[in-house]
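Order as written gives the chain letters A, B, C, D, E, F, G and H; numbering starts at 1 within each chain.
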Amino acid sequence: GFATLDFQRRERCGFPEVVLAEGKTADWVVQVVRRMREAGQDCLATRVSGEQFQHLAAEFPQAEVDHLARTFWLPTPGDRPPLVGDVLVVTAGTGDLPVAYEAINTARVMGANAELIADVGVAGLHRILRKRDRLAAADVVIVCAGMDGALPSVVGGLVDCPVIAVPTSIGYGAAFGGVAALLTMLNSCSAGVVTVNIDAGFKAGYAAALMVRKIAKS
Amino acid sequence: GFATLDFQRRERCGFPEVVLAEGKTADWVVQVVRRMREAGQDCLATRVSGEQFQHLAAEFPQAEVDHLARTFWLPTPGDRPPLVGDVLVVTAGTGDLPVAYEAINTARVMGANAELIADVGVAGLHRILRKRDRLAAADVVIVCAGMDGALPSVVGGLVDCPVIAVPTSIGYGAAFGGVAALLTMLNSCSAGVVTVNIDAGFKAGYAAALMVRKIAKS
Amino acid sequence: GFATLDFQRRERCGFPEVVLAEGKTADWVVQVVRRMREAGQDCLATRVSGEQFQHLAAEFPQAEVDHLARTFWLPTPGDRPPLVGDVLVVTAGTGDLPVAYEAINTARVMGANAELIADVGVAGLHRILRKRDRLAAADVVIVCAGMDGALPSVVGGLVDCPVIAVPTSIGYGAAFGGVAALLTMLNSCSAGVVTVNIDAGFKAGYAAALMVRKIAKS
Amino acid sequence: GFATLDFQRRERCGFPEVVLAEGKTADWVVQVVRRMREAGQDCLATRVSGEQFQHLAAEFPQAEVDHLARTFWLPTPGDRPPLVGDVLVVTAGTGDLPVAYEAINTARVMGANAELIADVGVAGLHRILRKRDRLAAADVVIVCAGMDGALPSVVGGLVDCPVIAVPTSIGYGAAFGGVAALLTMLNSCSAGVVTVNIDAGFKAGYAAALMVRKIAKS
Amino acid sequence: GFATLDFQRRERCGFPEVVLAEGKTADWVVQVVRRMREAGQDCLATRVSGEQFQHLAAEFPQAEVDHLARTFWLPTPGDRPPLVGDVLVVTAGTGDLPVAYEAINTARVMGANAELIADVGVAGLHRILRKRDRLAAADVVIVCAGMDGALPSVVGGLVDCPVIAVPTSIGYGAAFGGVAALLTMLNSCSAGVVTVNIDAGFKAGYAAALMVRKIAKS
Amino acid sequence: GFATLDFQRRERCGFPEVVLAEGKTADWVVQVVRRMREAGQDCLATRVSGEQFQHLAAEFPQAEVDHLARTFWLPTPGDRPPLVGDVLVVTAGTGDLPVAYEAINTARVMGANAELIADVGVAGLHRILRKRDRLAAADVVIVCAGMDGALPSVVGGLVDCPVIAVPTSIGYGAAFGGVAALLTMLNSCSAGVVTVNIDAGFKAGYAAALMVRKIAKS
Amino acid sequence: GFATLDFQRRERCGFPEVVLAEGKTADWVVQVVRRMREAGQDCLATRVSGEQFQHLAAEFPQAEVDHLARTFWLPTPGDRPPLVGDVLVVTAGTGDLPVAYEAINTARVMGANAELIADVGVAGLHRILRKRDRLAAADVVIVCAGMDGALPSVVGGLVDCPVIAVPTSIGYGAAFGGVAALLTMLNSCSAGVVTVNIDAGFKAGYAAALMVRKIAKS
Amino acid sequence: GFATLDFQRRERCGFPEVVLAEGKTADWVVQVVRRMREAGQDCLATRVSGEQFQHLAAEFPQAEVDHLARTFWLPTPGDRPPLVGDVLVVTAGTGDLPVAYEAINTARVMGANAELIADVGVAGLHRILRKRDRLAAADVVIVCAGMDGALPSVVGGLVDCPVIAVPTSIGYGAAFGGVAALLTMLNSCSAGVVTVNIDAGFKAGYAAALMVRKIAKS
């Protein structure tokens, strides 16, 4: 077959395999989702294209889809446990929102509370300073920023929890599709900042959910 | 003055400012440590050179120094609370050890338990597989690897906690001083992997300690 | 003329010149195929575009075409010798399949047996471990992987034959269109891993076929 | 000759040619300075090495030298007009000081007032916020930062004058000798930020002095 | 909300927040402009796409739009103070004009006089030399150039005011979308040259306006 | 105006200014050509797009256009001197032909004889070796190659005249749009090889024509 | 411990773990070799430094060392089977010899015949053409080249066996420490060329030995 | 042997093989020179190190050596034909002189007249403009420049002969060891500019000599 689904991932890693739709034909995506559902596993897909959404909608009209975040979510039926922890997702600008929502959607389907603070970049510092108490309360903060990618360094200096920095491809010229922001974040002068791939809201949300679930369990 | 020490960092971020010795004259480093001590703050310095160690030893013979990890630690006198949590530090090869020890030393002085598993790279997979139970017990795993940087992806597929990947500058040619490993880690196919700068054992240990402290507090 | 076909390549290298369709007008491709056929040589073309396929189909309806792999194959009439050797083609994900099929098609038209194992990336390690016996039996293994490109290092540690690693352009952000996977593979900690260009399934299949033909001849 | 000195630069550009010592033999540097003096022109040299300083000291003991900033200054005799304007030079860390002093020395010998605020990086935001009034009074602010290079974006959001950002080579790993900071600054989300080369304190001081002299003249 | 507008920027930085249209949905852009207008603030938007222009035109037909420069300008009603200073914008070629107009439009809406000299690249040196007197009169010169980006170095050697260099993405092959010109400018052998991001006419115009306003105020 | 045409270039450099159509609106291109013609100068334009060709055809139907090479040529009326010298243009593959024709067209309109040898890349060495006598007769050889860019090194070892190497963007993956071939050529082990920009057939043809004209004059 | 030796590698991969000396203290290297010997395994170490050689010589005077190739070889006592197959190692220049010898030494200790042809780069093509019969007889050819890295493409067009290309760091400027040659090789227009890391003679020799051993076994 | 000298190069290419000393042991260099002399061929070596010079001096005291240019020249005895043509070598700064002398020495030993104009960079344009007549008389101009690499574009606009641009590694920060100048030159807006590798004065001198010899022969 074209796919060898990892049905044990839920046991090993605490969440079923997530489908990366990009690079797959619409038909492949539909078949993979079908098999996940048949195996009784929750199915999240990310980076879904318009054409893939159409094929998915035809077969899975009940799924939750977010066209901005490009996520598809088809949970197994039944009640879900209450959300745990406090993941705060912050963006530097409005253009970072799709990535932020990918993070939020991921964290939530994994069982974590996730909340958004949008467009509080460092050029207008009072915006983030106004949120200091909210930041201080979080278990983990995800910061999405493109261009100079400076916001995670500022946030990292205000909190005592880990900061997951997500460089976005917002920007032009020497932003190099997010490389400038990525390097900024890797070199953050705030020590508690870790980084994920460019536009990888999914990974930030995933790692944040793992963290708060560890807290909740303890 | 040549330095504006951030004495409030302890309050805001849970740990005093850490001194990055690299790029400072030996004299500057000594003065900064002196001021930290006078302010009654624990003082950790990283990336300390041989020459800087000599100057520091003359004035602070009681400090704990690790020449392999290049760390200097001068705690305030008095009892310290017991270490909390479970940070597991894993290396792919022997050459990654200095970075691993920087992570361990940092995590420990911040109050976290930290343990080492060395030289279990993916070319001999049984080595890491043998440690599955130990991995499964950790709160967070730090994986240090140079060359292909493949180990964090493998570890990430075995655990349900976050993995902090640290690319090291071990390797030659197209390893580009750790860039190859860095890119591998940023593109990890395991979703729970976050990344720090090349050779940044300090940052991995710092972020890991913040995580387990959140767990301990809850 | 616009082309100086190398009709002696079959004698020197064991296989006729292969047409790289990319960068040629559809008309050029058709003319080159025509000349190859007139010279009584097998004709393989790779990286064929949709428009080129249409022009080719009009004149060579009997050819074998694979739209996913983007290959075109017009053998000379007559029986072909039985396939030899054992080339195993492995992919990390589903999105790597087009590259894998380009490798398989190339190896087969050159007279080698080639078989596929799909979607057994390192995030779910049991998938590749389950195939250990099959891997151990191969003469050469081709591993296609994008994103972190970690699979060849793992496979290389399980076999005593050469591994040809093919980085694919699957991935986003700091995957840089396959560069991350390419660097991983060049820096593989498994010693028997050699690498070809990004998405170069053709080259991997070609080199693998040369290897197994040497074995068969001996 | 090995040098074609540009004695008209003072007329055209408002300051004599400055000697870039790097890449010249000590002997060449001495001869160039000698010719500048003979031509009755002020002579500034930058990026002077230890060996070059020794040769220069032998012949020009009266010159002002700064070993940290690596600058050499041999003014023509006579009174100089009072310094004008208000150039404020800010550094993120202590390690950025050599670059900052190169900027300050350059601005001063060109006739501008220049003042330093050191080590007020964004990880401890109160340090720069405490200086808001001082910043608001400046005609132009020069910000020197390595690692993440985030400080110019923050300063740019606090002032209504131009900010000249100087990336420094402080940092390691993916700092790439100042490239990370350079890209951050080029992509600054604060609109009034312009950038110079890595470690180019000289250029920042030069451009700043040109600016405040225009103000003073008006 | 999706946006946290920085209505205090006018007070702090002397000009209201400017909208970067790129990366925003047309709907977001319209809403942001509406809120700016409701807050009684001048509204400049840059890098506006064709689709965004259409949405904006429907609601703000009175705005000044420049499709070449991709700028949108909706001032608050009432008289504006006379323009001040002398910003000279120079281009190396005709293809650099969109970037030059973005700089001019920005400088003018911020209250500065801005004038254009087009297509005077260094391959025909008499063209820029003919403008020496005009150049000498300027308070600040903005030079836009793609390909080799050599013009700012030449202009910098002719004037005693700062030169803001803007690399443009004009060119092909090893121009790398403006990177070649950017590096040229950062390494300018003329000391008074500062640089902004590739195609960042906006930033050059903005910084130039801040400079001449400081002059005008003094 | 949007253009400052350099009508003295013919006197200084031996050929009128050539129009780079890329980056210009179709209208600008038409106007520039019109002005060149009005000034009684030959007009060559390169990198002309389909849309620009249409606008040009409407006004200058008599011009010679080459859609493959993307060149436009509108000579002044009257006889032209006979072509001089011997420029040999060689390509490694068929896909390099557009670049080769740009070189040939440029050399010819500048008065040089230019001849083509196509598709003689190093994988079938007899093809170029067969042309040794023809190569030995040339005044200058232009070699266009993409992918590995190896042909200029081979040609350079066979001739006693300069070789101008033109990297082309033919290739995929780690060809990086011609960068691989460019680096090969810059590092050629044959000493007489000089290089121009990726796909810059124009520049190769131009420099070659300057060379043979110097020979012809002597 | 600082090392987890992989004593099963011999069973799985056909050869014991090889020690990468670079990045290890001399003491670590000595201890690892000691443990390998105690385990009754052949011990090869590569990239050994002068200091490491000294420590090794003190304890293992009987080992075979090659200071040019930087290899150390300590076989288990007893007879070894006769060498098999035919690995031909070719260099473009003299400077590539250390890498070539690393390949030869590796292939030989793994049981393969390996022979050298030195300094036959493409600038003097008759040198490699003279070796056509020898090349045609080989089972696999390893080609080591720096600078333009063109030789593997030429060799690949002359043989019907796989070619393993090894880029070397010989060259300067835009050779970028072997990157230019690496890219040339990855983009080779000869289809049977596979590539290893820069200066990785070890890997080429290792993979070549695996190939010829497969042939010998069949 | 470690070297396969190409004694036919003189016949094919008009000049004997030149020895690249870099990357060779001192002993190898001495042996190669000895063999060249024994074969009755002129021997030029470039990029000779201090240690290599010492070994060479012991055996070939009569050779002409240039420690600045790092060249070694051992001609065969007997009269040499008078120098031909007019190669003009121009440098932007003083630091470019070693590269310029490598070019001059190479051109001269190949039989060409070569003359130097030093330190006439574009920041003081009158310096190069003053040389316009001298430039106009040359057959080919070599321009060596580091930092911004702008001078070849200016020279190219003043002459009707080819310009060979040599980027030098002079500069710091984003000069990237000559890459900035290299890119500038490849993208020169002057059409007759061709480029060689960073610091490759040798190649520029070699190609220039080939050109003027063609002129002389005609």
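The rule we apply is simple: a residue touches a chain if its C-beta (ideal position, glycine included) is under 8 Å from a C-beta of that chain, and two chains touch if they have at least 3 such contacts.
Quick caveat: nothing in here was measured; it's all calculated off a predicted structure.
Taking touch as defined above, what minimum step count separates subunit D and subunit G?
Contact-graph shortest path, subunit D to subunit G, evaluates to 2.
Report the chain pair from E-H, D-H or D-E that duplicates the E-F interface, where duplication means over half of the contact pairs agree by residue number.
Match found for E-F within E-H, D-H or D-E: D-H.
Does B-D or A-D have the larger number of C-beta pairs in contact?
It is A-D, judged by the count of C-beta pairs in contact.
Between subunit B and subunit F, what distance separates the C-alpha centroids? Give it in angstrom.
Inter-chain centre distance comes to 56 Å.
Just the number, please: Cα centre separation of subunit C and subunit F in whole Å.
Each chain's C-alpha centroid was found; their separation is 35 Å.
What is the distance in Å between the mean C-alpha positions of subunit F and subunit H?
26
If you look at subunit E, which of its residues touch at least two other chains?
Those would be 9, 93, 123-124, 156-158, 173-175, 179, 182, 186-187, 190-191, 197.
For each chain, which other chains does it touch, given as pairs?
Every touching chain pair, ordered by label, is A-B, A-C, A-D, A-E, B-C, B-D, B-G, C-F, C-G, D-E, D-H, E-F, E-H, F-G, F-H, G-H.
Contact residues on subunit C for subunit F in the complex?
Touching subunit F from subunit C are residues 1-6, 8-9, 17, 20, 22-24, 28, 32, 47, 167, 169, 177-179, 182, 197-200.
In the complex of these two chains, what residues of subunit G are touching subunit H?
93-95, 97, 118-120, 123-124, 126-127, 146, 170, 172-175
Okay, in this complex, where on subunit C does subunit B touch?
Within the complex, subunit C contacts subunit B at residues 92-93, 121-125, 129, 147-150, 153-154, 156-158, 171, 173-176, 179-181, 183-191.
Can you check the complex and tell me which residues of subunit D touch subunit E?
Touch list, subunit D to subunit E: 9, 12-15, 18, 139-140, 156-162, 164, 182, 186-187, 190-197, 202-204, 206-207, 210-211, 213-216, 218.
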